[in-house]
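Below is one structure, written out as structure tokens; the observations come after it.
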Amino acid sequence: MTKEVRLVNKKGIRTDGRKPDELRPIKLEVGILSNADGSAYIEQGKNKILAAVYGPREVHPRHLALPDKALLRCRYHMAPFSVQERKSPAPSRREVELSKVIREALEPAIFLERFPRTSIDLFIEVLQADGGTRVAGITVASLALADAGLPMRDLVAACAAGKADGYIVLDLNDIEDKEGTADVPVAYMPSLNAVGLLQMDGQLTPEEFEQAFNLAIEGCKRIYELQKQALKAKYLAIKEAVEEAEEK
Amino acid sequence: MTSSTISRIRQSQIAQLITSGKRLDGRGLMDYRPIQIETGIIEKAEGSARVRLGKTEVMVGIKIEIGEPFSDRPDEGVLTTNAEFVPLASPEFEAGPPGEDSVELARVVDRGIRESKAIDLEKLCIIPGKKVFIVFIDIYVLNHDGNLIDASALAALAALTNTKIFKYEVKDGEVEIKSGFEKLPLVNFPVAVTLADIGGRLVVDPWLDEEEVMNARLTISFDKDGKICAMQKGGSGTLSPQQIIEAVKIAKEKSEELRRLVVKEG
Amino acid sequence: MTSSTISRIRQSQIAQLITSGKRLDGRGLMDYRPIQIETGIIEKAEGSARVRLGKTEVMVGIKIEIGEPFSDRPDEGVLTTNAEFVPLASPEFEAGPPGEDSVELARVVDRGIRESKAIDLEKLCIIPGKKVFIVFIDIYVLNHDGNLIDASALAALAALTNTKIFKYEVKDGEVEIKSGFEKLPLVNFPVAVTLADIGGRLVVDPWLDEEEVMNARLTISFDKDGKICAMQKGGSGTLSPQQIIEAVKIAKEKSEELRRLVVKEG
Amino acid sequence: MTKEVRLVNKKGIRTDGRKPDELRPIKLEVGILSNADGSAYIEQGKNKILAAVYGPREVHPRHLALPDKALLRCRYHMAPFSVQERKSPAPSRREVELSKVIREALEPAIFLERFPRTSIDLFIEVLQADGGTRVAGITVASLALADAGLPMRDLVAACAAGKADGYIVLDLNDIEDKEGTADVPVAYMPSLNAVGLLQMDGQLTPEEFEQAFNLAIEGCKRIYELQKQALKAKYLAIKEAVEEAEEK
Amino acid sequence: MTKEVRLVNKKGIRTDGRKPDELRPIKLEVGILSNADGSAYIEQGKNKILAAVYGPREVHPRHLALPDKALLRCRYHMAPFSVQERKSPAPSRREVELSKVIREALEPAIFLERFPRTSIDLFIEVLQADGGTRVAGITVASLALADAGLPMRDLVAACAAGKADGYIVLDLNDIEDKEGTADVPVAYMPSLNAVGLLQMDGQLTPEEFEQAFNLAIEGCKRIYELQKQALKAKYLAIKEAVEEAEEK
Amino acid sequence: MTSSTISRIRQSQIAQLITSGKRLDGRGLMDYRPIQIETGIIEKAEGSARVRLGKTEVMVGIKIEIGEPFSDRPDEGVLTTNAEFVPLASPEFEAGPPGEDSVELARVVDRGIRESKAIDLEKLCIIPGKKVFIVFIDIYVLNHDGNLIDASALAALAALTNTKIFKYEVKDGEVEIKSGFEKLPLVNFPVAVTLADIGGRLVVDPWLDEEEVMNARLTISFDKDGKICAMQKGGSGTLSPQQIIEAVKIAKEKSEELRRLVVKEG
């Protein structure tokens, strides 16, 4: 925040042309890796993120197995070339923390108790980072879990809101994340009205926080619709493929 | 911390009591455990404090060294926060590199200090782009009985209020240490308040047994002006939006109580 | 990769078919799987490419940074190649430091580029003995269905053709970044071709199930002038001298096909 | 030893006002951490050291368990803020060596054979270091072992002696340790007349060594008395607490 | 290759006095370490390399054991003092790769299927490196395996050839390795006509490669004879020792 | 080393013999095993030696490099000692980072050299505060049959007597290597003697089987003037004060014998 950067202009338009409450363009694809049990891909702004799920499968090492439910493990990881300055492939403290909070956001969505003594391993790979990778990572991971056929209480949609140049804005991009006043990432299950991830950094009055939080929830709801579309598109494609095959 | 070290019976006892507004250790839902703060106990450190929060005990030591600034912040000192779960503090802690819980603890405490701009980092610049002060905040958990975040944030703040920096002179691009000390330029006083959802009700300052029962926790850090500077939801459960808004209100009030324990003109 | 994830029956089926000149996936013994190459997909990287070789999928990102040269090569840039077997690519991959397979992959790809002198490293010197460009080639395996070496070498070459370096000026011994970019000085185009011996017969581009059955593999890298610049035998079996000489002939021809996919005037 | 530092003045008085054969002030407390099975705290000069014992308990990983006795493990560790220049939390080679020799000093004191297939884990945390941390660490660890209720052949008392400015001196402080001629740390079980730790660095003639060694043994004996007092004080306090409880 | 170094003079003589197709002097010794189950030592030029074999023995950790054959493990390692600039003792990526290709060169020579659920651990220590350590390492490791009494399909002989100053040369030394045009290390089992290791770096036309490869095979055959002599010498020595013992 | 690799019967045999003044391998209680010392065997190292002590075999290589001094000793060279228990030396050794036994070995050998001021470190200063020689002593255990400390200390001393440093010139703050060598400034000759208490009796130079039986060991290093410069008790048993005083007397005498094997004018 050493240099003055103008994030929202006089007309209320952000650096990438969006209005304060507007999401970035989002592209979702489901089932794109052949080895994983479930997989999905998201582009949100310039974020490009892959998620893959293996499991339920045998736990290694075995002593980690839980008697009454599946062990959910999560690795959020950034490719060395995903950011401006090359990132060492070894996990950073930031990646360790995000792996934990992402796992805690997704865990309540899965019926883990149906798969005791197994592990469900979730891998999120950020191929390009553009602000908001943790929430985009949850959005895409949720689709990968669904693609793996895991029974879920709800899809988890995630989105950040925050404050930049005095405006409460939705879905912060890279520069808004770095130069803005505050960032509030949220993960939400709309049909359960339940928040699984909530973090904040920056400075907000309680009133501003409430505004930003409500806007983030609104963003989650919009993303939730996109998630459902993406799953439908995948299953329509499968259905068509099966029908075509049957016709032959 | 995932292993249930307390019995199922005790767990349901804790939860049931809370739904009727009581806690197993006799506290009210909105009461902190007794807090004891000592500062300046490690003479070799530039700053230090020990906080006892019930049976939870955390020590923070501050060391100041001269090093290089980050290339994108050439005229600012560097803040680095580390937490060690030393194995004498709990049967669950193991020696070795920091696990995800201690990384999270360090990063949440760090975020409160950093985002509230508690330390005036520009005043810690010695020679722009070359030499700055590095402030090491080392959180040392000595006995773990729950709510490490609040205890650590409080100990860190107490240690920072107590931190001195050696005087120096720059001669021909070299730093010369002089005798005497100055106070660390501490300009804000962030305090963390953690609430847990147990059986649908919020309580502040969960102790270890409550942490094993809780659904989720939410930590909210407030700065001296009543602004939120950091938040962190933890635990494998969820919170409702209503609970979150309520938690903010409770935490604001509690943060002022806590801050008064460390800073006189809070 | 040592565990047999496919059944014995399927294994002998694969091997038997090959002795009769056929492959389970319908390819001829000397056919590559379909190849798709995209470049420039990671805008934040100085160069990037994704290669799909059948179901095998590899991404390569190139990052360029300023650093110090090796003391025995003071006027040359530095090339460093790394491969990550990220666990989403295969049930056999695990998170953690690179294992021997990923180290081998990185080193074989590196050798092809280095020994063919593909990058004019002298042009990457900024201030002799002090500052040079470091070229990081990061191979990222996204889906492992066999023959990672050829896919990675191809992706690395495609990413390098696509790599730009920021312009700079040296003023008083300091490097100033200027706006605009130049192309990486790429002067050769090495391509790797891998053959496997299955039941005594050579096939090109083994897929994962074939790799589990194969006796041994041989990778041969050719540069644009038809010279061999790297070789690597892999696997726990042996090859006869005759097979090796035959493999060189096949690989030379195949390398030209592959190179044409990346470089127009191959 | 580059600069000339005067460690003992003409009157035979050391930098901190002690006579050559005088111990630093020592404060001992027993049973001060609630989670550990046994714990103790020592201040000796400016040394501030905590020790805690867990066990006998199940061994992890299991293949380390011994069929005929308990496995004693020991970790001597310095807090990053315990010394002038911040110490990295990763164990140094010095800490690895000291953990070994401390374990070997304490092992002969415990009836390990009574707890086969278990582990006894001892943790020593140096919160502030002021010379002689290994011996103070043994002294306090011995109390923590006793506080854990482990059956012991004897308490282990430990103390260093050495040479500074030509004098044989007891219980070297930080500056004497660094600038003195020699340091001889000793751990001793008085009622068994047995030495469990002995190291030396510096330069001593065999005669000087004998003097210093005997002085260190003498120091151990004095510390042994303090250890016994500290244990008594603890158990008196417990007794009083119990009696008070009974009276109510 | 920045400086011009003359590797072969006008008379076709190399820097160390050899002709292009000449091996360096080779000294082989078998059975020289008392703890190992098998061991051997090679000097080839200034290379000084030890190999030792432990096994077949129980596998640690146990889950690595193979149901149908022995697990061959191999560690190629360089002593810190073996090269011009001190090498860190931690394994480099080069050492990791060489350990793998050496294992793959030796594996086909051993009847591993006779020792299911065991491990055979092979350690190669380069005490001094002078070019061609991987091939000399295979040559000496093969003797150590034989010395351990392991049943083998054939001895593995290894040798490099390459190109320097336009000549195809055998058994490259350090400077030829670094400043030459190409290096082709080969491991070969003569009685099976089977190549277990083949690598190449540098630049060679296919015709040059064929020449170099054939020369390397020729080198392997000569080294194979030396290996057999070394084994005979060892067993003659044992025989004599036994006979002497019997005479007494 | 804790696992009993020799049978109980053999153990009691060893101990019983010693109480009657004899040893299983025929030596007297105060006899070392045969010692063989070779120096200069690694031409690429600045110094080297191999010591055979019975079947125990240790190699030491000395490398000299130019580096930075410690900030609190700006005008002294740096000494650094490392020990590798390479797995070919014993079925008990494992590949990986140094364990506590090899750390102890390195540190005890280092202490003898350092505390006796064997190397005149001030002569290894090139440019005060900037550049000094770093002396790497690498202990490489090749066959472990007991008493590694004495064998390693002897090999280190022999290698140091044999060490040469390249000549250099300082021009404009830069170090230029010149042709030719000088001897390392070695001014003292520390030697370590280890005694073991077995069944209450002291023996020198315990071999591996005796180490498994011994109660405790005591290593005493003497410098050339008969001063003690390092001691280290090892093992999980204890020694009596009387034994320690006796051990010092024995070790002094033995140290002179050992020193004569390396240094002529010991």
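Per-chain numbering from 1; labels A, B, C, D, E and F assigned in written order.
We adopt the following convention: a contact is a pair of C-beta atoms (placed from the backbone, for glycine too) under 8 Å apart; a residue touches a chain by one contact, two chains touch by 3 or more.
Just so it is clear, the structure is predicted and the values come from calculations on it, not from any experiment.
K.L.:
Starting at subunit B, how many touching-chain steps does it take at least to reach subunit F?
P.N.:
2
K.L.:
Determine the set of chains touching subunit A that also touch subunit E.
P.N.:
Of all the chains present, those in contact with both subunit A and subunit E are C.
K.L.:
By label order, what chains touch subunit D and subunit F together?
P.N.:
none
K.L.:
Based on CA centres, what chain would you say lies at the far end from subunit A?
P.N.:
Farthest by centroid: F.
K.L.:
Measuring between Cα centroids, which chain is at the maximum distance from subunit B?
P.N.:
E
K.L.:
Centre to centre, by mean C-alpha position, how many angstrom separate subunit C and subunit E?
P.N.:
28
K.L.:
Centre to centre, by mean C-alpha position, how many angstrom separate subunit B and subunit D?
P.N.:
Each chain's C-alpha centroid was found; their separation is 31 Å.
K.L.:
Take the average of all CA coordinates in subunit A, do the same for subunit F, and state the distance between these two points in whole angstrom.
P.N.:
58
K.L.:
Can you list the residues of subunit C that touch 2 or more other chains?
P.N.:
none
K.L.:
Residues of subunit E touching 2+ other chains?
P.N.:
none
K.L.:
Which category does the touching pattern between chains fall into here: line, ring, star, complete, or other?
P.N.:
Shape = ring; chains linked end to end, path closes on itself.
K.L.:
Head round the ring from subunit A, going the subunit B way, and note every chain as it comes up.
P.N.:
Result for the ring walk from subunit A toward subunit B: A, B, D, F, E, C.
K.L.:
Within the complex, which stretch of subunit C touches subunit E?
P.N.:
73, 75, 98, 100-101, 103-104, 106-107, 111, 114-116, 216, 218, 223, 226-241, 244-245, 248-249, 252
K.L.:
Where on subunit E is subunit F touching in the complex?
P.N.:
Residues 33-36, 39, 46, 48, 50-52, 54, 57, 75, 77, 79-86, 89-91, 121, 123, 125, 127-129.
K.L.:
Residues of subunit E touching subunit C in their complex?
P.N.:
Touching subunit C from subunit E are residues 2, 93-94, 96-97, 99-101, 103-104, 107-108, 184, 189, 192-206, 209-210, 213-214, 217.
K.L.:
Contact residues on subunit B for subunit D in the complex?
P.N.:
41-45, 48, 55, 57, 59, 61-63, 65, 82, 84, 86-91, 95, 97, 136, 138, 140, 142-145
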